[in-house]
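Below, chain A partners chain B and then partners chain C, in two separate complexes.
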Partner chain A sequence: MGRLRNLEPMQILGLLGALFFLTAPYALPLVVPGFWVNITAEIMIWALFAASVNLLFGYTGLLSFGQALYFGMGAYGVALSIEFFHFSFWPAALTGIAVATLSAFVTGIFAARLTWHYFAIITVVFSLIFFFFAVGWKDVTGGDDGMPFTMPPVLKVGGLELSLLDLTFQYYFILAVVGACFGMMHLLLKSPLGYAFIAVRENTARAGLVGYNAYMVRLLSFVFSGFFAGVSGVLFALFSRYASAHFLFWTVSGEGVVWAVVGGAGTLFGPVLGTAFLIVIREELSAYWEHYLLVVGVIVILFVTYAPQGIMGLLRKAIARYARPAAGDGRGARP
Partner chain B sequence: MSDLVIILAMNGLVWGLIIALIALGLSIIFGLLDIINVAHGDFFMVGTVFAWTVILITGNFWLAFLIVPLIGMLLGSLVERAVIRPVENSAALSIVATFGLSLILQEAVRATFGATPKRILDPIGVTVPILGLDYQVYRLFAAAIAIAAIVAFFLFLHRTKFGTWMRATRQDRDTAIAMGVPSNRIFVVTFGLGTALAMLGGVVAAPITTVEFRLGLDVLPLCFMAVIIGGLGNLPGTATAAVLLAFVEGIITSFAEPTTARIFSLIFMSGVLLLRPQGIFARSTR
Partner chain C sequence: MTAAGVAPAGPTPGAFFAAGAAGWGFGGLAAALALLPLVVPDYQQVFVAEILVWGLFAMSFAIVFGFGGMLSFSQAVFFGMGCYGFNLGTLYFGFNTWGAVVSAVLAAALLALPVGYIATRVRHHHFLIVTVIISVLVTTVLESGHWRWIAGPYVTVSLTFVPEVPLGFTRFSFIDEWVAYYFTVVMVAAAFFLAWRIVHSPFGRAMLAIKDNEMRAQMIGLNVNKLRWMLFVLAAGIAGHAGALYALLARYTNLEFFHWIYSGKAIVMAMIGGVGSLVGPFVGTAFYMLSTEYLSRYFQQFIIVFGFILLLVVRYAPDGIWGMVLRGARGLGRHGQASKP
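And then the complex of A and B:
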């Protein structure tokens, strides 16, 4: 216990978070009804999407309002390769991820040249181009109505067939993929490249002077972010069993930004908290009041006004207040 | 076929003038407060809804031209104080705040006005022959109103003290404040004025479009295109770009899908952003 008391507030938070994320999700299907298992699965998918926004915005300082493009590319990659090319599960999923990552690379070559407002706008523009493309090319993409597809089994060995149509298996599958992605993201952010992201965010000129190629760093961040958004798109298409042009619309990107900021941009688990918070509000409120979005709008504005560091920032403050007197040796007493 | 081209080109021109009006509002907010207002399209939508409400209450559409911009001015000023002021120093937070605002506006309209699209009858109801085709007089009137409002706005900006303050603040905020320009008041008025322009655009457009809560979603990207292609902070450029864009989209629509026209202008806009971020009309300074 003595060692615990000497931990920094953020380390305590991290430990609690790790403990929670390592245990609770696995136990969940055993204790709650199927409805909430599905909601949790959806939260995990969108949390990964919000995390992809956060990788760019929170760590590299680039606000993308076009992440929906890579989400939609992943979703359509899966849907089209199953429906038109009759791919089985894994090739289809990998196609989706590859298509999303590749399109992030191609658009990133251009977008990474810009920063600030211009970056936000060009990312929206790119996503809108493909949105209108998907709306217009209705025969293939299904346009606004979307295109459903038949779910191939994940694994088929002899008599054993695992499919996402089994909702409990689907939940664990999504948990495993999203968990792996967050693990990757953690490793990425702790790698020299991850520190390069932060260096470029903090001071681009200085990052350039110490030898980073800011453009390449931004591009790499963009591609990784597109990869994670693509994985979330693949998962969401598999989860909802269809892909729609609406996945590419800028409001989807906007939601990702909102989840990341409300949760706490620049922290690994902030987007998870923000997504969980807002989706639970959606599910709880929409049952009672059709116009729950009014409440969401107010919450978003209150957060950016009074808690711009998001839920993570609030937690950090709360824990610091609790932990500081206990630490007593001045470790927590930074200004 | 050629008849269709003329009609669509004329419609594009009228629509372009309305977009120019709305985009001017977006541009001054962008130029002065340095924030991307994602809710701007929704203010336009609220304008159309108020036009509909004015008809419902008074039975007179023309009153909306007076009342709605005033409401816009008031609403914009309130929003600036309550929502924008706390986040005006952070580009990212302001985008998120206006995204929240956009949710509130859309949902408030859906809750009160309803989700089904409604139409406003042509308030003039007369057509004139133009080049052998019958054309709605109201559309010509809408174009005239839009031009008048744009001219009035430029006169305000260049002929009044407040307009000069606004231009000074846009050029160099710190120096303007040091010279005694009341910057807080400028920000309130700018946001109010920008909102009023968007809502006036809503009134003008109400009889030639459907009135519904999602209307802003399509208009917002168009306005941003005009602002970017015309050049950030270049107001005449923004107005010109809006008219050109809608005109060209109108012509393309006569032989291709509307989505093709939109893709064309978006690709053009990406080119402008990457190659000439100062806009296509700017002289090659900086």
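And then the complex of A and C:
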């Protein structure tokens, strides 16, 4: 009990969040209709995507409007390798991740040379090129209609067969993968490389003088971000059981940016909050009003203008104001 | 240029040389544009006029980005508002062509007032995000059935009559291609001249100061947000002007013109030509439109080609084609002057 009392307010919130995600398939149906479990799973996938945008934008200072490219590459990697090459589950998933990471590396060679304006434009151009390509090559990609595929089982040992068709298993599978990715991201950001990202974001010239190769750092950040976007694409393809050219479209990238910014760019769990907040709004509002997009747009503009640190920043401010003095550990008096 | 990067106040031989060259250049260009209808057939006159209109649109982006440092993805919204204002002027209020063009510029500038007020409050990446969102919001409102009364019949329109330009006691009809051509050339030249005067005025200098170092500009007493807002509205007005000219030329407008894809087109055209000057965007537009006109016959996905061209330009010549030309000319000039004391 003593340890629990010493927790920071932020850590308590984190523990509550973890508890929520761990118990959602059993706890949520008690309160709200059962489909919210699936929405929670979707939130986790998109949160990973938003986190990949955040890795570039929040930590390395590169705003990419083309992150959907790697998301779509992951999704198509899975769908095509199952449908055309009849891969089983794990090879297909690994193929998807590998394709996404590889394409991030190839495009990153060009894009990482550039910084902010030009970087944003060139990532849009890259994703548009591949989008038109995917729409045009309808025989293979299915174009705008998308291509469904049959789901192979995840694990088959004797009589035991685990498949994503079992929704509870699917939920925990997604939770495990997303959780592992966030763990990796945490380790990455606490490593010297993670500090190099921040150094490049803060002052590229100074980072160069200290001895970092800014281009290499940006490229690595780009490839890692493509990797995480690819994982989320793979998960989403498995979750929705199809891949579509629309996954490569610019709106997907835009949504990722918006989620990351609203949640709080430059924080590890900000994107999770932003994604959850905006997806819940979407689900709740779209039932009543087809133009919920307007509400989302206004919310984003308000956040960008008045709270550029996002929900995470608001939360920190609120904690600093209300929780710290109550804790009575003297830190509340910090100027 | 002195070491501190401050332009000397009076005319120096170098500046005079540049001004003279610019004067000759513009004179020659004006003569070429005026004499063009004698040489090329009708449909190509319209094509040239179209290049000028899209060039003006690209220039409006170059004003915001090249002189204000704001990467705006909402420029197409103002182009679309120009089309909308033009249609509203002709079809709803029954203005003649002049009045419709004025109402187009006003419509774009009026929308830009609140949009710019919001957008210029934020910086860097956030500005980009806000302008993207605003353009998505505007298209959402216009294409919804809910707010039919806003879009009305004025967004996607084919003009059923031939526009006429009343001038003094006579009126010229757009049924002749040369009328459309000369009208466009004159209107684009007027907008260009206005923009030229503005970016070379103290206001334009102040914008460059803000772009270079915002904090320093604030310290010397410039009201940064207000100046950015003014520039944004000005560029929106020019984009609206381009929209009206396009509506006149093509006699057709579309909801598509509001879409951010068209902003992207302006950005690509302006960047290929060079965003640091007002001429660059026209050069880039001419390059873009001529090559799409002649390349698209051979293969469909020329956006891939433009992706790579843009990449090369951004990487090796960030000041664009026109910047390369100017650098070349300046190099020649310097060699010529080297012998003189």
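The rule we apply is simple: the second predicted complex is superposed on the first by the 290 of 335 C-alpha atoms of A that agree within 3 Å, B and C clash if a C-alpha of one lies under 4 Å from a C-alpha of the other, contacts with A are read in each partner's own complex, and residues count from 1 in each chain.
Here is the rule we go by: a residue touches a chain if its C-beta (ideal position, glycine included) is under 8 Å from a C-beta of that chain, and two chains touch if they have at least 3 such contacts.
Since we're looking at a predicted model, the values are computed, not measured.
When both complexes are overlaid on chain A, chain B and chain C end up clashing with each other.
When the shared chain is aligned, chain B and chain C each come close enough to touch A:297.
Looking at the shared chain after the overlay, A:110 reaches both chain B and chain C. Once chain A of one complex is fitted onto chain A of the other, the partner contacts of A:135 are limited to chain B, with no touch recorded for chain C. Note on the chain A alignment: of 4-12, 22-30, 130-138 or 166-174, the part of chain C that runs into chain B is 130-138. Contacts of chain A with chain B, set against its contacts with chain C after fitting on chain A, overlap at residues 57, 63, 65, 110, 113-114, 116-118, 120-122, 124-126, 128-129, 132-133, 136, 254, 257-258, 261, 290-291, 293-294, 297-298, 300-301, 304-305, 308. Interface of chain A with chain B (complex): residues 57, 63, 65, 110, 113-114, 116-118, 120-122, 124-126, 128-129, 132-133, 135-136, 249-251, 254, 257-258, 261, 265, 290-291, 293-294, 296-301, 304-306, 308. Contact residues of chain A toward chain C in the complex are 57, 63, 65, 110, 113-114, 116-118, 120-122, 124-126, 128-129, 132-133, 136, 254, 257-258, 261, 290-291, 293-294, 297-298, 300-301, 304-305, 308.
Remark: chain B residues 30, 36, 38, 83, 86-87, 90-97, 99-104, 106-108, 110-111, 217, 221, 224, 228, 232, 257, 259-260, 262-263, 266-267, 269-270, 273-274, 277 touch chain A in the complex. Note for the complex: chain C touches chain A at residues 65, 71, 118, 121-122, 124-126, 128-130, 132-134, 136-137, 140-141, 144, 146, 264, 267-268, 271, 300-301, 303-304, 306-307, 310-311, 314-315, 318.
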